[in-house]
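My questions will all concern the structure given below.
Going in written order, the chains are labelled A, B, C and D, and every chain counts its residues from 1.
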Amino acid sequence: MDLSVKIGSTTFTNPLGVASGTFGYGSEYEKLIDLAEIGTLYTKAVTPRPRPGNSIPRIIETASGLLNSIGLANVGMVGFVEQKLPFLATLSCSVVVNVAGDDPDEYREVVEYLDRHDTVNTIKGYEVNISCPNVKCGGLALGTDPRQVEQLTRLLKKTTDKPIIMKLTPNVTDITVPARAAEAGGADAVSCINTLVGMVIDTSLKKTVLPAGTGGLSGPAVFPVALAMVYRTARAVTIPVIGLGGIMTADHAVQFLLAGASAVQVGTANFVDPNIAVDVLRGIEKYAETERLTTIQDFHTFIE
Amino acid sequence: MKFIDARVIDNVSVAEEYYEMSFSWPSEETPLPGQFLTIRASDRTTPLLRRPFAFSRFDDGVARIIYQKRGDATAILAAKTRDEPLNVVGPLGNIFPVPRDSGRPVLVAGGVGIGPIFFFAEHIRAHNPLLVVGARTRGLLPAESCPHGIETVYATDDGSFGFHGTVVDVLKTTYSTDDNWILYLCGPEPMLKAGHEFATERRVPAWVSLEQTMGCAVGACMGCAVRVTGGLGYARVCTEGPVFDSREIVWT
Amino acid sequence: MDLSVKIGSTTFTNPLGVASGTFGYGSEYEKLIDLAEIGTLYTKAVTPRPRPGNSIPRIIETASGLLNSIGLANVGMVGFVEQKLPFLATLSCSVVVNVAGDDPDEYREVVEYLDRHDTVNTIKGYEVNISCPNVKCGGLALGTDPRQVEQLTRLLKKTTDKPIIMKLTPNVTDITVPARAAEAGGADAVSCINTLVGMVIDTSLKKTVLPAGTGGLSGPAVFPVALAMVYRTARAVTIPVIGLGGIMTADHAVQFLLAGASAVQVGTANFVDPNIAVDVLRGIEKYAETERLTTIQDFHTFIE
Amino acid sequence: MKFIDARVIDNVSVAEEYYEMSFSWPSEETPLPGQFLTIRASDRTTPLLRRPFAFSRFDDGVARIIYQKRGDATAILAAKTRDEPLNVVGPLGNIFPVPRDSGRPVLVAGGVGIGPIFFFAEHIRAHNPLLVVGARTRGLLPAESCPHGIETVYATDDGSFGFHGTVVDVLKTTYSTDDNWILYLCGPEPMLKAGHEFATERRVPAWVSLEQTMGCAVGACMGCAVRVTGGLGYARVCTEGPVFDSREIVWT
C-alpha cells in the first residue's frame, strides 16, 4: 500500500493534512500529538505584514458547526520566518504555507519572501487562500472571479518552483469555474472547500454576534456541501483535488477520496479532539487495507 | 498540556444550577490556580467544541471544577455519574502569580469565577488572603465549597446573605488607604471592569482572569482574542491568559 | 401588536409559514396540530403532470441536517385540484401553492390552471420554485440565471393577479443578483433559502447514498448560511423577503426577522417535531411583546 | 395519530444489542400490530430526525418496542431509565391484516422485525399461528421476549440454536403442498425478498412489513418511498405501509 500523493514536484507521504487556521504553526499542538504522524501541516495564513485580526468575539458555535471571523490574524511574513519557520524546519511532516494578501502583488510578495528565506527547503508548497470570507480585499472577491484566479495562479507559478495549491471558495454558483481557471493558470492542485459565508444574530442585543456581521462556517454541518463540491471539482480538472470541510471521522475522509479527492485536510475537528487527525489517517489506511486499495488512484475507480 | 483519561469521582450540586465535579487526574502535570482544562462533553457534534473550565481544586490525583449549568455542554456534564469517562485536555493557560511582597492578597469571585479563586485561596493560605464572594442572591452561593478557615466576606446583590451589594462595593467599604492590597478577580466582565477601575483609583495591582469563547484552547486559532494595549492589540486568553494584569486589558 | 404581513394584494395574518415539501398538502398534519394556528401553508411543489419522484433512498440524515432527493414527487396540477384543493379550502390558514416545472411555460401552465380552478379563492399566492437542486431541467439552472429569473417572474405576473413569491436558491455566488432580477420582473416577494447542494457517499457500497448523486441540504446545519443570505437579500430589494432555512426555535425565526425578513417558514423542523412551527410563532409573539415591537417593520430597525 | 406524552416504565436488554422498552401510553388510540410510532430521541440536533419503531406489544395503557442499538438515536434510547419522558408520535401506518379464511398464518421475523411479528402473533393467537424467528447467531435471539404458548421455530445462520439456516429455509423444509398458509414477514430486505419468492413459487399470499428512512412519518414528504407496481410507481412506507402485499412491491 502506497497512499502517497504527488502534487507538482513534491511527494506527500500520505493523504492527510491539517487545515490552515486550525493548527497554527504546529508548535501549539506539539505536546498533544506526534506531529510526525500527520502528513502535511497547512499553516495559518501568512500575509506580507502582521495582522491583528478582526474585532471580538471571533467565533461562535452553531448546530454542528463553527462560525469564525478571525480575519487572518497572523504574524506577517517576516515574523513567520523569524518565529515560526525554525520550529517548522524541525518537523518530519510536510509543511505547506497558506498565503493571503489584499491584492495579487501581496500574494507574490509573500511567496517570494518565503522562498528566499526558506534556506533549508522546509516549505513543500503554497496553498493560496483566495477564499477567506472574513477580509475585505483579496479573499472572497478574488476567488469568485475566474479571470483573477487564473492570473494570480500564473503570477505565483512564475514566482516559485514549489507547488501552488489554489484554495477555492464554496460561495460560488459553480465551483468548477474557478477550479478550471486555477488549472488554466498552471496550479498544481486545488483544495476545497474554504468556509461558507454565515451569520448569527444575538436576539437580546439585537446585533450580529460577530462584529464583522458575517463569518465563515466550518465543521460537520458543511460536510455534505463540501463533498458535493469536491465531487464536481474532481470531474472538472485533471490536477489533484484536496478535499476538506467537516471531516470528523475516517469515513468522511474516505468519502472525499472516493469522490475524487487525492488528499484531505482535517480542520475544525482538531479543536474538537486533537487526536482526530491521526485517527482519520489510521482509518483511511485501514479502509484501504480492508478494501484492498493500494494507491490513492484506486479510490477513484468506483464512483463515476 | 496533555490528554487526560479522567474518570468522574463525584458530581454534586453545590448551589442553584452550580455543580462541583471531581475526577481522577492520571497525569504527572499538576494543575495550578488560574489554569484551566477543556472537556469534550459529547461524542456527537452538538455541542461541537470542547468547553473550558478552571480548576477549583487539586489534591493528589484528584482534580475539581465548579461549573454552572448554562447550555448543552454543561447540561451533559451535570448528568455525568461516578466512573464515567471524561475527555479532558489540560492543564492549559497561565497562573495567578503568587504575591511576592508583603501586600495582602484580596481574592474576589463572582459567578463561574469562584472555582479558580477558591483554588488560589487554598494555595496561598499562608499569605492570609481576604476572600470576597459575590452572587445575585443567596441560593447561588456555593457555601459548602468555600475554603474553610480563610477570612471571607459574602455579598449578594439583593442582600439575602452577607453584605448587601456587589463585591466591588465590599472592596470600597473595606479598603483603607494604608492597606497594601493585591487584587485577584475572576467573574463576569462588568465585575472585572469595576474591579480594575477600583484598582486604578486606589493604585493597587489587580490580576483578572478572563473568559472568551474558545476554538482550539491551545493558541492555534486566534479565536479567543481579547483587546490588550500592547503588541498587535490582541492577546489569546488560552495562551497569554486567562490571567492578565488588569492594566493590560483594553476595557470597553 | 399587529404582526401581519402584506405581500402583493394579500395580507397574511402572521409571519409564520410551513415550508414547501415539508408539510404536504396540510391534511397529513391535521391530526397532530391545529392548522388554524399556522399563518401560511406552502404546499408541496405542483407541476403540470404528476411526477413519481426520484429513485430511492431519497433522504439521509447528516450532522444537524437532512439531505433529500425527493425529485418533486407530486400529484400534478389536475390531481392537486381534485384531491388536495377541497381540503385546503376548508382551512383557516392562508394557502400558498409552490409551483415547479421543466421550463417557463410549464410554470405558466400550472399557475393558469390553478387560477382557473380555484373558484373559492383558496390560493393566496404562488411560490415559484426556481431552486430545486433535485431535478434536471427548470430548478437550479433557471434560478441561477438572472435573465431567466426576471423573464419567468414577468410571465407569471402576467398570468395571475395573485402574489408571486420567487423562491431563491442559495447555490449562487451572490444571491442579490437573482433577488434583484425577481424584483425587476415584478415579484411581490422573494423567499430564501431553498436547499444547498450536498452529497453523502456510502463507503461500504462505494456509491452515493442518493441514486441521483447529489441532494438538497436543509435543517439546522444550514441556518447560519440562510441567515447571511436573507440579510444580504433584504438589503438588495425593497419587496418583502421571506426567510427560511434551519429554523428550529423562535430565536432562529427572530434572527431572520431582525436580519430583515418580513416572514419566515419552518421546514425540516416539522419532521423533528410537528409542534415546532406553532411554538415558533408563539415565541415570535412573545419576543415582540417583551421587546415592545408592534409591527414586523419594527424588527428591521436594529441591524443596519 | 397523536402526540403521546409517554414515560419510560422499563428498558432492558433482551439479546445482544437488543432492548425492550415499555412506556406509558396515555391515549385512547390503541396501537395495532404492524403499526409504528416515532420517537424524538434527543432535544439536540444530532440525531435530528424522529426514529420509527414498530409496536411489539400493547396491554392496557402500556406500549412496548423491541429495538436494536444501531446508531445515535438508539444509543440514546438504550440509556433511558424509568420515568424519563419520551417524545412519541403514534400510532402510525397500516396494520397486518388478520387472516379471514381458514389458512394458517405463518409469521416470520428476523432482526429488528421481531417486534411487530411478536405483537401480531399474540394478536392472532386464536388462529394458531406458526412463528419462525431467525437470527445470525444464538446471542441475537431475544428468547425471553418471544410469545409463549405459540408454536415457534428458531433458526440461526450458524446453527448455534434451533434450525441451522435461514428462516426461508425453515419455510421450505416445513411447507407441504396441502398446507394453506398466509405469510407475514418482517425483517431485513433480503429476507423479505426471499420470502416473497418463496410465496410466489408456492402461490401463497405474503404480507411484508418494510423499512425505509423516514422524514415526516405522516405522509407529507415523500421521503419514505418504495417501488411498487401500481400508481406512479412509488408508495409511502409511512402511509400506504409499512405492511404491503408482497406482490405489490418491485423487488430489486
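Quick note on the criterion: a contact is a pair of C-beta atoms (placed from the backbone, for glycine too) under 8 Å apart; a residue touches a chain by one contact, two chains touch by 3 or more.
All values derive from a computational prediction rather than experimental measurement.
Asks: A-B versus A-D: which has more C-beta pairs touching?
Replies: A-B
Asks: In terms of CA centroid distance, which chain is the most far removed from subunit B?
Replies: Between subunit B and the rest, the longest centre separation is with D.
Asks: Between subunit B and subunit C, tell me the centre distance in angstrom, where each centre is the average of that chain's C-alpha atoms.
Replies: 47
Asks: Centre to centre, by mean C-alpha position, how many angstrom separate subunit C and subunit D?
Replies: The answer is 36 Å.
Asks: Tell me, which residues of subunit B touch at least two other chains?
Replies: Where subunit B meets two or more other chains at a single residue, that happens at 45-46.
Asks: Residues of subunit A that contact two or more other chains, please.
Replies: In subunit A, the residues touching two or more other chains are 63-65, 219-221, 248.
Asks: Graph of touching chains, which shape: line, ring, star, complete, other?
Replies: Basically all the chains touch each other, so complete.
Asks: Spell out the residues on subunit D that touch subunit A in their complex, using ranges where they run on.
Replies: Against subunit A, subunit D makes touches at 45-46.
Asks: Can you tell me which positions in subunit A touch subunit B when the two form their complex?
Replies: For this pair, the touching residues of subunit A are 21-25, 28-29, 31-32, 44, 50-53, 56-61, 63-66, 68, 70, 73-74, 219-221, 248, 268, 270-275.
Asks: Taking the touch rule as given, give the residues of subunit A at its contact with subunit D in the complex, in rising order.
Replies: 63-64
Asks: Would you pull the subunit C residues touching subunit A in the complex into a rising list?
Replies: Residues of subunit C touching subunit A: 62-65, 67, 144, 171-174, 196-201, 203, 206-208, 213-215, 217, 219-225, 227-228, 231, 246, 248, 251, 254-255, 258-259, 287, 291, 302-303.
Asks: What residues on subunit B touch subunit A, complex-wise?
Replies: 1-3, 40, 45-50, 87, 89, 212-227, 232-234, 239
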